[in-house]
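Following this line, the structures themselves.
Below are two complexes that have chain A in common, paired first with chain B and then with chain C.
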Partner chain A sequence: MEYAGHLFFLICIYAMLASSLDLVVGYAGLLSLGHAAPFGMGAYATALLLLRTDLPFWTVTVLGILVAAGVHFLIAIPSLKLKGDFFTLATLGFAETLRIFTQNLTPLTRGPMGLPGIPQPLAILPAVSPTLQFDAVACPVTVCVVVGLRIAVRSRFGKMLQAARDDAEWLSSLGKNPERIQRAAVFIAGSVAGLAGALYAQYTTFIEPSVFGLTESILVLCMVILGGPGTVWGSIFGAGFLILLPESLRWIGLPAPLLGALRQMLYGILLVVFMLFRPRGVWGNPWAWRSMR
Partner chain B sequence: MTVAAPGKNGEAVLRLEDVSKHFDGLRALDRVRVSVLPARITAIAGPNGAGKSTLFHAATGLVVPDEGRVYVGGKDVTGSNPEKMSKMGLARTFQDPRIFGGLSVLDNLSILFKPDRTSWRDRRKILWKKTKALLERVGLLFTDEAMAGTKAGTLSFGQQKLLSLAQALAVEPRILLLDEPFAGIHPVQADRLESLLRELTEEGMSILLIEHSVQRILELAHRVYVVHDGRNLAEGVPKDVFSDPDVENVFLKQRRDRTTQ
Partner chain C sequence: MAQLLVNGLIAGGIYALIAIGYTMVYGVLHFINFAHGEIVTAGAFFFYSLHVLWGWNPVFSFFLSVLLCGGLGCLIERGAYRPLRYASRISSLVTAIGVSVILQNGLGAIFGFDPKSISGSGEAVVYSIRNAFITRPQVAVLASAGGLLAGLFVFLKWTYIGTLIRATGDDLSAAVSTGIPVDRTVSVTFFVGSLLAGTAGILVGTLQDIQPTMGLPFGIKAFTAAVVGGIGSVPGAVIGGLFIGMAENLGAWIFPTGYKDAFAFLVLILFMLFRPRGILGKSALHNG
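This part shows the complex of A and B:
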């Protein structure tokens, strides 16, 4: 039960990360390799505030979200001046910079040793396992986030975002500022990732600079591509699938070191297979895919 | 921001003065002058590669001229970006259809209308009414909302081109720049388009048109500029300009080149 609850929590967290990345990748048409940046910022800001201040839980979470969204927004301003692959490289560069920064800012972050003993103000019932209590919070939060994103992409804002993806030059010729719309999308995606990071830090009670890592960003991107960019729903499927599939490998009885390598290989193989045979992902929006090429 | 006022006493609403543009040593425009008269159709003619499209890019802020000035309603707007030019009352179309392929036909237009404060249900109704009227105006027939729900990217070339024009009209410009609007359009729809352009000028819109067909310029335009090798070759009333031997030479040479190829 505890184990299933743990997996469920991870699926919720990654569903939030993947669906918010889909807003950037699928709808805004900006291939980002730095989604771990707002996630890590949310996690670190929450952890530090919980460890070093007496602020109440909700205040901490909101501050965590704002820090993440703010940093993501600031990253977007120069990155959006670049187009295509250069934008992707910039996002990767910024995420790595944040990781290295966290790793070396030892007085504040304890560097590679990470931050242990993060309080869990969410777990208020002593009789119930914290995992289940976190599940009870994460599940409705994820549903709200996904429904909210779905509403956003169907709104005038969401359509404008897709227009900027399809032809930014044409949109600006018609008097709209595509970059401003894209920056707004990045801010929203950043706040959702920050929320996921805030919940994650409290759940695991320990975080280290690898939350900013490239593997984290690639995993989330794999979820989006697998589910189908430009769908929101697809990302949830992608998150569920990529969390559960490697877990199922546990049962075949391979030694642990081999298992880790096998997982990474599996992500790679899946990505190649999908790119070759089903580039739109399981659900797939052909327009979102076209703009990513 | 001020919207381009219709020029008083025949004053040009859009004026390009000695505009030059070079691309890596290639001279695309060399001190070109064009004036767009209020509520009139001004045409630009010239062989392929003469610099007509670059001229449009310079007029709408897509490229910044190396030299020369661009005036809208008497105001110097040289170097402004396309977004600002649009706010000054300029709209344009491109030679190739430019649309938002992943959005429905309805959404391609509805995102461009100014949002008004009505209830959700009314807004939807009003949006559809406005969209339908605009689509009909450019000659695209979408009888109901469901039909207009088709993705714009699945339309044919000609339909996309007309949708592109409808989008340019949706932002309610005062000056409309059309880059070969008749190319790739069905003859029946082309005739319809001709009368639409006349209607628009009657409503006070000023139009700058890039067109290859001499016949169509003679029928439609009040004034024509012939551009050749990035320079002004001739300008004036179409009838006079096309009887100019220099102009005839350019157009005939083009035809000769084509037959010898």
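This part shows the complex of A and C:
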């Protein structure tokens, strides 16, 4: 039960990360390799505020989200000036820079040793296991986030975002600023990822600089591609599938480092196979990316 | 100071060898081969298995590993990139990321993620020039990097296939319509780029320990070098490589070493934003 609850919580966290990345990758058509940046910022900001201050839980979470969204927005301003592959490298560069800084700013972040003993103000009932209490919070939050994103992509804003992806010049000829719309999308995605990071830090009670890692960004990207970019729902499927599938590998009984490598290889193979044979993912929005040559 | 320059020159030579692969592929296909850094790692590990594990002759192992890298590059291009050449650019980049993850973790699964040494028992022959010290493996690195770069210029400038590569880089659709065998030309481009990257990997291995995860930092620095020199330009890649190697080693004077890797990203982002055409200000393969 405890274990199932743990997996359920991870699926919720990654569903939030993947659906918010889908807003950037699928709807805005910007391939980001830096989605770990807002996630890590949310996690570190929350952890530090909980450890060092007496602020109440809600304030801390809201601040964590704002820090994550703000940082993601600041990353977006220069990155959006770059097109295509160069945007991807810029996002990777910013996320890695944040990781390197977290690793080296030891007085603040304790560097590679990470931050242990993060308080869990959410776990208020002593009789119930913290995992289940976190599940009870994460589940409705995830549903709200996903439904909210779904409403956002179907709104006027969502239509303009897709127009910026498909034909930016046409959109600007209507007097809209495509870059501004994309920056707004990045801000929203950053706040969702920050929320996921805030919940994750409180749940695990321990975080280290690898939350900013490229591995994390690639995993979330893989979830989006698997589910189908430009659908939001697909990302939830991708998150569930990629959390549960490697867990089933665990029963084979391989040594941990080998298992880790095989798990990563699986992500890579899925990326290549889906791009070659079914670029619209399992759920598939055939229109996303179609016009992007 | 002189020591820093020597170290910078050696690092720069290695970055230049890797950067050429990025720049040639970008020049021909306008695509960032994200898996290129992993070819570097593969070269080091081919050599490690042949020479250290199986005890083969070092010279033979070297040439075989380098050829295997070239083959690996062609194979990746044929299997993963060619089917998507005319698809959206985002999809070939995603594929390249996937290939990079597969290679890195495949090597990790086979060899483990702990550092390995291929330099063997280092007979520390040290030469000194003024007050800088340089070891024999370092001299070998400099000589082979220089020799290969010279060979590459000759290849691109004066051989038939080199001309084809430059022509395809100038205009892909014109190359198709004039009957240039584009598929074969692209294969050769990947082969040459991967050959140099594999060599760089082995050279890295003679200087430091090798690890399956080393592809990303080397890849990023070399890519930065290519952008600094003007992506698509082969001489630019060499100049960019030397620039990054020097800047990194001189920067270590000022910045704490922990931030060394962040420095390359910073340079990359600044150049992409403010000087996307690079130092030389020309991004075309035909200047090879």
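The rule is simple: the second predicted complex is superposed on the first by the 289 of 293 C-alpha atoms of A that agree within 3 Å, B and C clash if a C-alpha of one lies under 4 Å from a C-alpha of the other, contacts with A are read in each partner's own complex, and residues count from 1 in each chain.
We take it that contacts are C-beta pairs under 8 Å (C-beta built on N, C-alpha and C of every residue); 3 or more make two chains touch, one makes a residue touch a chain.
The shown structure was predicted, so the numbers you read here are calculated from the model rather than taken from an experiment.
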| item | value |
| --- | --- |
| Partner chain in contact with A:R110 - chain B first, chain C second, else both or neither | neither |
| First, second, both or neither for A:R156, with chain B first and chain C second | first |
| Which superposed partner A:N177 touches (first chain B, second chain C, both, neither) | first |
| Which superposed partner A:R278 touches (first chain B, second chain C, both, neither) | neither |
| Greater chain A contact set [chain C / chain B] | C |
| Which of chain B and chain C A:R165 touches, first, second, both or neither | first |
| Which superposed partner A:I218 touches (first chain B, second chain C, both, neither) | second |
| Chain A positions touched by chain B in one structure and by chain C in the second | 290 |
| Complex contacts: residues of chain C adjacent to chain A | 31-32, 80, 83-84, 87-95, 97-102, 104-106, 108-109, 112-113, 216, 220, 223, 256, 258-259, 261-262, 265-266, 268-269, 272-273, 276 |
| List of chain A residues in touch with chain C within their complex | 29, 31, 33, 78, 81-82, 84-86, 88-90, 93-94, 96-97, 100-101, 103-104, 214, 218, 221, 225, 257-258, 260-262, 264-265, 267-272, 275-276, 279, 289-290, 292-293 |
| Complex contacts: residues of chain A adjacent to chain B | 156, 159-160, 162-163, 165-167, 169-177, 230, 285-288, 290-291 |
| Chain B residues touching chain A - in the complex, by the definition given at the top | 60, 62, 81-83, 86-87, 91-92, 94, 98-103, 107-108, 110-112, 115, 151, 153, 167-168, 170-171 |
